[in-house]
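After this come two complexes, each holding chain A, first together with chain B and then together with chain C.
For the complex of A and B:
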């Protein structure tokens, strides 16, 4: 093999610098900020974060959404991927339709769902026309927390299942057909083939999709803000409020560090739980 | 692999969209323009009207830039520390400009004021513009306040004997209660959403009306009674209130029949359907009819790159004709004497009448915006919203909540050393939480 010398490093350098300057430096600064108060080391920011009345709600809301949405999205995306394998005609059109939400910003998606679920929205209009309600029914208030959570979950499913689906689809397309054909020859049922052959082979893609989707779900912000506003605090919206509303950068930094720690923990869990054998790594 | 092609295209399209969006967002560098930094007229529609209508006739090309109130101080001081200020003219409320005077970021304007002929500026506001010193540090720009608006359908439900122009909070509760009883709907609304101005309702209306103060009386027995009564009133409030930002929207859609908000945030409803709505003063409590006139002023930054042009712009913005133009465009009222023309929009007339009635009410109790809190203003607002959330939405006992939040209030005041402001009695040092 010919030695490439410094060239690969030079080519990589700009991207490393770019990330280093605009990601690692602020990251370290934020982490330091979270543990400082008035120029000295302190846990004051963490106390104030944990003591705030929205903190517990933010934690519970964030975890509720992640724990409900991520498994549902994976199941749905797996189902969509498997179904699409058997589609011949119109496959491209189905692909397009399923990936429409990918092209929409999360805030725009939030506003779309707000237009559906608000008092004078599409849902109430439909229910009214069907004679199921007699007037505007409020869905997104502090008095209806379960419906609010359900609304956010449905909206998140609509918005972000596509990204899981795309990753799984890419994985499925790379799977060699031979394994399944061999299993079929040996008399495995479709169900057995899925559980014993396809799913284990998909593990690397599933791992990627889960990590990506879980980290993004912990960072959910715009959807919660659009639909829930003050009624549905999540970790990132609280970080935003402390930064811009209350102008307390220390507490905002604590929230940011907390979100990062949770994301890293989730990633590590996936890496261990879905360990990909060395021979299967690309 | 061919099948995946549409996908790559969709990714590429999404990426291109992102990049285009970013390019459109990047501000165009226009160095020769005067930069006018303002905490007022922030909502996009108001800012656009400022740029395209009010400033269209300005004597100098101006770049109107808005900033969140708690960030104004940081912004201006950062520019000064960088040694190369960008903003020349600063527009903000009295309480927002005061901390900038403390850090000597505002240039004296006595010469500018001397050159302003042919206009009578409200003398009390002009005096306030000295910010407690001997030199003029801001020149009054425009004023506004908060009022109430009701759909005419709500009027038959007014409690017997109640005068809509002299309501009490008790009567407001009865009124909303009557409406709920007869219609089955909760049609009273407050702007308690993330972008709403609800903290101002507590700071300038509810607290002064019930306790005669804001900081001193924060956890007083009067305050405890007030929160208990307000919690009872909240039973008749539309639960969507915690999502509302601008009350003109739910008023127009009919989700709400009675609402409290900033005049500029009610104007759309009044202007579009002046025959459907009435405007009236905020209610009164045991200590009077607390209300908060809001005066915005214009200052020139120390070391401003375009100080002379900024002075010209001040002259322009305080011309009576421009003040009327400002009223028509963004619903902020003049601070100089003007001839109110007869062609004033009927909606504006409704609002102007309500404001006049509030000021002229015999029990009127004027409250100032929080003064001297600077960057901690946001936290001060949060304190009231947290108290509201705990007492009213979560039903926690008011006494315990007030004691807890009182400690937070003490910390903010101690850190900022802010003295008391009206209607709290004056203090020599930092305002005490009694």
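For the complex of A and C:
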């Protein structure tokens, strides 16, 4: 037998070091920063963060976006996946168009939507021409919080549904078609086939997509900044403001740790809730 | 009441014609095997009957009802798939109950049917398990139990035994026959395995190139093939075919003179390997042996007659094996001659 010895580990080492050093070290530093003040252990940063005027808004805004956007994206992506399976001709073009947003940076996407939704934007032009409004109408201000939220949700749906779709499509294509055919022969209606066969078998892909999308949604930054500016604080934009606006690295670190804690919690919930026991795997 | 009528069914995939106009009648309670090599269209035909594939033309009637335009779930049938397609996320019991649950059966009936089907296929103790915890043979049984639990009028089986090992296949074959005979379900069974088709089916439809070459009982297909293809495909070894010239209305084969069945210049004589007996040079033909293979109860001899390949099966006898190069004299069973047209390969009718 050939002995591999230390070679595999040596080859892996640079990447492990690269990731480890540049992840673990900043992580530990950030955590220390969040829980220290003037060189001693303290919860002062956390108090200042929680007492800040924007904190509650940031929490509410972030959770509003996540709780509305992620389920909507999953529903839409599932629908897109199921529909695309029945498309014979032009499949590649549809796939390509649906994936366009994947290639655009979130800040650029935010600016596109800003151009649509701003006072003199395309939306107002259209509404004006249709006679629905009589002059420029501001949508993205603190006076119209629901419209602002809706604008951000629509923009996020446009920007990030594609990644969920791509993951689910890959999952669906791995399922042998006999499962659905068997369901069809044994009397399941299209709706029953989806709920009782396809969706349960798609659980692993759904889990991956949900974890990825939820974590990224909690970290939303550029879209909120582009459309809402300071009218729509989210957790990450607050971290940014404390870091560079207020030059208070401690509070910024507290925000960072909070976002990480929420992300880990969400991931754990998905891992448990959508777990496929070994004996139920195909 | 659940006879199946296939009325001029056609199927084309683009420019390829998978099925030429196929018509077929399966009687109520009959077990029909669709037998043929891969690519002959047998699975396509089965999937059209199931409704999983749409025909390009023709009709399918089940129990006198035209189901051509209905989705599978409205055709009142059950199916066993080649790779079983047992749902991995459901227990054995849930799998067997699937069809009944979709039909909205009440709990008591569901439980009764599941238990009955499970005991029929000896998987009663496995009801709480998931398919991943079963062997291939057990999964196969679940697939059959799931089909039988709905008490279908029609059962379709697509190479259900081909993923099992040889011994298990033999065991399942016998069991399947007993179970299906007891249920009286009209069954269409797709296979490329001739022993499966002959062992299980009441009638066999041999398919080749999108058409049914012959349909009949196992012995008919075996002893009286209607085409050269059927004779060559069914039977192991395949039927021998000798291309012989016709002279003055007679065909000479060694010392034998046989009346010619046709006026063509040439005919093909089909002979089963076991329909040949030892003879003298005067009343038989010469067979030059090349290889002798002892197969336990029988001896398979491969050689040439009239310069053409010939295989002969003779019962095993004590003593030395015949040696390569040896010339034997053989005589065919005159009741078992199969004459065929030399160009079309279609059987020539010789009996009154």
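By definition in this document, the second predicted complex is superposed on the first by the 271 of 282 C-alpha atoms of A that agree within 3 Å, B and C clash if a C-alpha of one lies under 4 Å from a C-alpha of the other, contacts with A are read in each partner's own complex, and residues count from 1 in each chain.
Note that in this section a contact is a pair of C-beta atoms (placed from the backbone, for glycine too) under 8 Å apart; a residue touches a chain by one contact, two chains touch by 3 or more.
Only a predicted model underlies this, so the values are computations on that prediction, with no experimental measurement involved.
*Asks:* Following the superposition defined at the top, how do chain B and chain C come out on chain A, clash or fit?
*Replies:* With chain A as the common anchor, chain B and chain C both fit in the superposed model.
*Asks:* Is A:219 touching anything from chain B or chain C once the two structures are fitted on A? First, second, both or neither.
*Replies:* neither
*Asks:* May I ask for the angle at the C-alpha centre of chain A between those of chain B and chain C, rounded to a multiple of 10 degrees?
*Replies:* Angle at the centre of chain A: 160 degrees.
*Asks:* On chain A, which partner touches more residues: chain B or chain C?
*Replies:* Counted on chain A, the partner with more touching residues turns out to be B.
*Asks:* Figure out whether A:37 sits in contact with chain B (first) or chain C (second), or with both, or with neither.
*Replies:* neither
*Asks:* Between chain B (first) and chain C (second), which, if any, makes contact with A:57: first, second, both or neither?
*Replies:* Neither partner.
*Asks:* Determine, under the contact definition given at the top, whether A:179 touches first (chain B), second (chain C), both, or neither.
*Replies:* Only chain C; A:179 stays clear of chain B.
*Asks:* For A:138, using the defined touch cut-off, is the partner it touches chain B, chain C, both, or neither? Pick first, second, both or neither.
*Replies:* First partner only.
*Asks:* Kindly classify A:189 by the partners it touches after superposition: chain B alone (first), chain C alone (second), both, or neither?
*Replies:* second
*Asks:* In the superposition described above, what is the shortest C-alpha distance between chain B and chain C in Å? Please give a whole number.
*Replies:* When the complexes share the chain A frame, the smallest chain B-chain C C-alpha distance is 19 Å.
*Asks:* In their complex, what parts of chain C are in touch with chain A?
*Replies:* Contact set of chain C toward chain A: 50-52, 71-73, 77-79, 81, 83, 85, 87-89, 98-99, 102-103, 129-130, 132-133, 146, 150.
*Asks:* Which residues, counting only chain A, touch chain C once they are in their complex?
*Replies:* It is residues 176, 178-179, 181-189, 192, 197, 200-201, 203, 276, 278-282 of chain A that touch chain C.
*Asks:* Which residues of chain B touch chain A in their complex?
*Replies:* 1, 3-4, 6-7, 10, 13-14, 17, 68, 70-71, 185, 192-194, 238-240, 242-243, 253, 255, 375-379, 381-382, 386, 389-390, 393
*Asks:* Looking at the complex, which residues from chain A come into contact with chain B?
*Replies:* 52-53, 91-92, 95-96, 99, 102-103, 119-120, 135-136, 138, 140-143, 166, 170, 173, 225, 229-231, 244-248
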